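We just call them A, B, C and D in the order they show up, numbering each chain from 1.
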Amino acid sequence: MGTMRTLISNGTVVTASTAVEADVIIDGEHIVGVVEPGTAGDGFDRVIDATGRYVIPGGVDMHTHMELPVSGTTSADTYETGTRAAAIGGTTTIVDYAGQTRGSTLAAGLAEWMGRAEGHSYIDYGFHMMVTDVHEGTLAEFPQMMGVGVTTFKLFTAYPGVNLSDDRQILAAMQVAASIGATIMMHAENGIAIDLLRDEAVARGETDPIHHLLTRPASMEAEAVHRVVALAEIAGCPLVIVHISSQDALAEAVVARDGGLPVFAETCPQYLWLAQEDLPEGFEAAKFVCSPPLRRRSEGHQAALWSGIDTGRVDAVATDHCPFTWEQKEAGRGDFRKIPNGLGVVEHRVDLVYQGVVEGWIPLTRWIDVIAETPAKISGLYPKKGTIAPGSDADIVIYNPTGSHVLSARTHHMNLDYSVFEGAEVGGSAETVLSRGEVIVDRGVFVGEPGRGKYLVRGTNALLPERIVE
Amino acid sequence: MGTMRTLISNGTVVTASTAVEADVIIDGEHIVGVVEPGTAGDGFDRVIDATGRYVIPGGVDMHTHMELPVSGTTSADTYETGTRAAAIGGTTTIVDYAGQTRGSTLAAGLAEWMGRAEGHSYIDYGFHMMVTDVHEGTLAEFPQMMGVGVTTFKLFTAYPGVNLSDDRQILAAMQVAASIGATIMMHAENGIAIDLLRDEAVARGETDPIHHLLTRPASMEAEAVHRVVALAEIAGCPLVIVHISSQDALAEAVVARDGGLPVFAETCPQYLWLAQEDLPEGFEAAKFVCSPPLRRRSEGHQAALWSGIDTGRVDAVATDHCPFTWEQKEAGRGDFRKIPNGLGVVEHRVDLVYQGVVEGWIPLTRWIDVIAETPAKISGLYPKKGTIAPGSDADIVIYNPTGSHVLSARTHHMNLDYSVFEGAEVGGSAETVLSRGEVIVDRGVFVGEPGRGKYLVRGTNALLPERIVE
Amino acid sequence: MGTMRTLISNGTVVTASTAVEADVIIDGEHIVGVVEPGTAGDGFDRVIDATGRYVIPGGVDMHTHMELPVSGTTSADTYETGTRAAAIGGTTTIVDYAGQTRGSTLAAGLAEWMGRAEGHSYIDYGFHMMVTDVHEGTLAEFPQMMGVGVTTFKLFTAYPGVNLSDDRQILAAMQVAASIGATIMMHAENGIAIDLLRDEAVARGETDPIHHLLTRPASMEAEAVHRVVALAEIAGCPLVIVHISSQDALAEAVVARDGGLPVFAETCPQYLWLAQEDLPEGFEAAKFVCSPPLRRRSEGHQAALWSGIDTGRVDAVATDHCPFTWEQKEAGRGDFRKIPNGLGVVEHRVDLVYQGVVEGWIPLTRWIDVIAETPAKISGLYPKKGTIAPGSDADIVIYNPTGSHVLSARTHHMNLDYSVFEGAEVGGSAETVLSRGEVIVDRGVFVGEPGRGKYLVRGTNALLPERIVE
Amino acid sequence: MGTMRTLISNGTVVTASTAVEADVIIDGEHIVGVVEPGTAGDGFDRVIDATGRYVIPGGVDMHTHMELPVSGTTSADTYETGTRAAAIGGTTTIVDYAGQTRGSTLAAGLAEWMGRAEGHSYIDYGFHMMVTDVHEGTLAEFPQMMGVGVTTFKLFTAYPGVNLSDDRQILAAMQVAASIGATIMMHAENGIAIDLLRDEAVARGETDPIHHLLTRPASMEAEAVHRVVALAEIAGCPLVIVHISSQDALAEAVVARDGGLPVFAETCPQYLWLAQEDLPEGFEAAKFVCSPPLRRRSEGHQAALWSGIDTGRVDAVATDHCPFTWEQKEAGRGDFRKIPNGLGVVEHRVDLVYQGVVEGWIPLTRWIDVIAETPAKISGLYPKKGTIAPGSDADIVIYNPTGSHVLSARTHHMNLDYSVFEGAEVGGSAETVLSRGEVIVDRGVFVGEPGRGKYLVRGTNALLPERIVE
């Protein structure tokens, strides 16, 4: 007995390159054809009418933290609640961050995260590996990780005593990564200096959440980018600067890339749309606490990030999804240093970047590029994920370009009792979502089965010329 | 009676995004489907086996000069000889430069060029308009030109008394262009200052062709780029810097784009592969005389341009094809200022950029991007030209990635009795070429009919967000 | 019978290097000693008590336009009124701009200006030469000019049809200048492009003086600086960018100097203190019309210029003194293009830069450097002018650092019936001024004789290492 | 009974501003007058004829390490041998680096160094304080240090485990320094990353001295400069980057200063004249081992540093004098990491910078500025030291501008059995040297008494505008 054959007809297929009127033929889990409307013939088990809709590759969110243990608590979305919310918002792949426990192995960390995700995720998922303890032992595990599809390793210049690696460790990890074709993902903030500013603020009695923002200056993000770029150049190592929040940091990454280095820039919807100016008074601002922090709109950061997407200087928009409930955020009342860092964004990423198209910041194709194609390439998932082409997984979103709706905690699906985007109106919406050929959101109704998502064995960063990855 | 149906089977379809194993279905002049190998069904009039081959969009050369009248002579390739050579090399679209005769109208210039091309070209063609005399009258013609598909206007900061527009004229033209969604193409060299250096050199008795290169310093190219970027910023005008030859000029364009301006960079194969160091002694170097000139390899220009392609800082590779026979070049013996400027390159562009893939300078997808997709986008021809997708013209090249061959005047098809690439070995070759579904090169044999190429009514530059072209 | 011997005692001698308690011994026209207070001995014809005062070198204003013929009128200060005002304000040397009449020779221009100044100036004066017509003939005069002490030649990228030289002329003049050790002074604004913006504004009915400012964007000043720096680099020519008004233009000059080029930056008090925000409504703003124009304070230009003085990135503060009475300004009512360009500043320069010391922008020594020492060096007058040292001319100002006073047309001495600084309070004031040993301002009372000022045969720019001026 | 009165007659007095023919009058330890030749009168106890000579301020070497305990040994020059050599070479003031012993106090460190110098130095001396252990206790000592004339504090981003402070410590120290008007001196190299490169090299068997150079890339120096500038900007702290060796590092300091930050640049004669290309084969290269290391001449570092002096982008030339005998250097045979770092330079600094005048790199005045005036200003010793003016200490060198001689271990006075400048011919030489009015070198013969040098209570950095040091 054959596989199920699906036709998505009469839509406008949008990829990172262009928008064309075309029908998409799906056989089982894969796309088998993209053809002129009406030429696909008959014999389909299912026909989805996409008239007036964009047919886009399912979103690839290359930066999430589901069930992340952090400072005595755990981020509020499980692989189940988080991936359901992602899917409803048009994201069909996440690359989550597995983490090494200090003192233990990368393999153990991966196994732990695998265990948490397996049987729970509604969509396909992969893992980056957060290396919290760079030494000969963990470096020796890098090739094994590559062997099981973990081709990206994350390091931190922030969070001393928790995640921070020093420059020797960073350089050593970059050397190993370079030698095996892996890519380093970097949280770039000078956490050592920032911690002094934080402690000083608290000592002065400045304990409100706003001081979280004020003690993490953009110059300390830019500094860290400049530094890790210099280290990466010595190592010859591909580098992704994750969650860039400021024009200063972006400028450092851009100059590196201008100079030919394999340095890539990721930002997040929160840095594109939210700003320091948006914070509520007092402790309620804790909802907006993340690292790097939101920046001042009056300084031009948000406009610079949008411009960066437009010009291809920003490569990817991920979420750094790491939600904490209000109760969890309360832990930092009286001391902003204890507020768990992170926002809930995974459900809204596709919409929030599309809003940049609506408002004229970016062309349509750049939307798809930063939410799907380039994240898939960087993550080594392309063209399996991130595009609509024969052979690709049938991860497809039928997107209503005029599906205006309002974001709210009352309606969202993330496990979060508030929303930093509360009340924001966005112009489009994901209506129907397919994951490997299976409809998991049907005209707005979630119909997926938990655990149907599969672990993705990822390849290497596709943005590198051969001479680098050889 | 139906149209002819063609299947290109078993090849690897390469676009600017990716390479996938897929069959391409062509119905008449258009592509109607890209499907998984073996799933296209039967009933094809013709099946082209592309096993082991790349199936790529036909090349788009956005910068050619066929039959260009210049200083009392005419560039050596006609639309017939030039487009045949282009097709053999894998290029299926050219955007040639029509020109206004000083004192006459743009419309008259376009008509003249149209007359020369019509009935002669083997492949589809469009025209940019060289405006040699910017004034109220010619500016008033811009909208009409847009109406007939001429959406790009070329200005020069070089060649005083012939093509040069002064900064007032440039700014005025940019203002009009910006207001109607047109793009300005700019030959950026400070011709006024350069002419002094040229005259001084001749006065000193330095009359050999090498002095053509020595009197056009890279700083005078970079200066002009900087200047026209500043003017374009005031006008809010999209700008393409054509035939960038130096890292200095590229750096100016890159910084402009980093800053969010719609400034795009074109280079040519000659600037990627040839250098001042390659010039023969004495007057034979006249073969290599073009403007901007070849640069010193030891200064890093060629490596910087390759890196620019790799990182997306160079948007397009065109040819500035403008060949002159040895007899024509002889006009400048004894005075390099009289050597007709220009090289014959149109046949080799696809191969010469592919060679960058072979040598590890760029990934495969960047090859297709700079030779086809982005030139088509800038020229307002995308997705009709420049990609392989349903609805696109069936301009397709079956490219043998291991089709190594040697470039030579003995074997090339350009109307030129020498080659600046004589003896160069390139790793791949175009085997079979389709133009709008018609095979015009069949396994290396040219089988096209003259005059089958059609004039292309072009749209506007597709790289601009709506807010710019509004 | 001997010369008159003067002692200035008990003051604080301030130079560009430092402030020391010292007595200054003057014999006739020259300084013969700087000695520890009380050690000069007896036998002085005159003792000036400078207790509580700064004893500073007389100011050197390297950019004035007395009696300048411009668009059918003449700048309002004669060499008599202008130099009296200068002296009262603490300036004892001016370098005015002689000008070639188009079609005539440099020699004739110099003779004309010499004739106007001779017998009228109260203080010593030199001339730069404005070359309005660069051709073989005028270039051939450069060495003669050097021979009579005119070692600096001014060119314009502004004012097409009046003063503008094209890039060929500029480069040619720079080549000649470089070959003889002369320095080029450059008015850097892209006048050709600016003129279009001006004409367009008027065509739109935007005729008020504010449009003078709005049609001369800072980017067009920066562009011109970038361009002439590129030309100067080719020629190997020393270059002074005069009257820099914007941070953009300053940045271009600074980058050039960072790169080792002999490029120097001059600004003026009006650009340090006045801004677009200060303009009165309507036509009264004509008082503030000068070129380059005043810039927006909110954009940071003024702060950047002060910072530039502090860090040594700005070399000199001159005035571009070129006053026009209200009646003269009236010529531009209804068409801002007809407003004579220029402000009256020569009297206040020393005070207005000192005010930067009072407000903490710059250290005391930088004050003296930019108002006296470095202008004297650039002008080839050092150490005759610009410092207090044995052998130097006894051009000395006894400056009261707490001599607060208010600037006003009611009290100033310039031939001008209004003041752009009306009502501004400055913290210090020149009390007694000596020119070549002669007291010409005695505790605020002007006592000089007209015509006592002498023409200065200037040497070459002293800021250049030998390898450049060879 | 009165003090001794000395006249230096008929010389050319050269300061950072200019060169004038003048006589210098000295009374006891101080200069009391600078007067026109022949006007000083009679009654001098001693007249030094300086006909044909430069009369310059005694050199101020703001970076020396006499008797420095380092890795189990001690730098080879004592305060006696080192200051004698300095004096013979024309340097009359050193600012040496006292150091805190880890675990002990700054006060104890200062006392220890004071003890070593007192009674031994031939010339006046001050101390910077190397803080090796930044914590609340040592920070609390900063004001006390200021009180005893130690106004500059040195930190290291190099030498982990020995001198390195982390970014928190650096920022904390900068905050304290900023609050009290102190200046931070920074050894800027990323020692943490460099140590990995060193260990890797040795692990690969690359143990020769050349690998010391190869494992300290210029990018790691530039990175550290960029980082500490960012930290200083947050703290509002004045910063001197000591011993800049590369154009990359200089560029970072220059950009900071361009931006208005109080960041100053020091280099050393070894970085101006010596290069990687000069190293002998094998272990003999150990003589040239210092940190930062010598750079490749072919990359342009030396030319960039000279250009930086010319343009005022380099503020001071000190020596980082820290000599080790050949026997001491032998400790690193077989492992370059064990070679004591440091060169013997203190005797030749004045000559080696003067050689830049001879060869046309810099004007005469820049020589005096970087060897005397600006180091004195930065060190808070101006105008007591660093100039020739009434009230200044009579630290004067009679310099023969044509006193060509050859540098050699056979003739130098440093306690070093080899010379990295062996055989170099320099064009000038110090003939007679006065320290506080006392002749200590008389026409080349050293006649000073040990212990005559006095400790200098230094003020704050004079290059800062008031608003910074408030």
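Just so it is clear, a residue touches a chain if its C-beta (ideal position, glycine included) is under 8 Å from a C-beta of that chain, and two chains touch if they have at least 3 such contacts.
These numbers come from a predicted model, not from an experiment.
Counting hops only between chains that touch, chain B reaches chain D in a minimum of 2.
Judged by contacting C-beta pairs, the busier of the interfaces C-D and B-C is C-D. Once the centre of each chain is set as its mean CA position, chain C and chain D turn out to be 38 Å apart. Computed from the mean C-alpha positions, the centre of chain B lies at a distance of 51 Å from the centre of chain C. The residues of chain A never reach two or more other chains; the list is empty. Taken pairwise by the contact criterion, the protein chains form one closed cycle in which every chain touches exactly two others.
Those residues of chain A that touch chain B in the complex are listed here as 15-18, 20-23, 25, 27, 30-37, 39-41, 251, 254-255, 257-260, 304, 307, 310-313, 360-363, 366, 373, 382-383, 387, 389-392, 462-467, 470. By the touch criterion given at the top, residues 160, 166-168, 170-172, 190, 192-193, 195-197, 217, 219-220, 222-223, 226-227, 230-231, 233-234 of chain D touch chain A in their complex.
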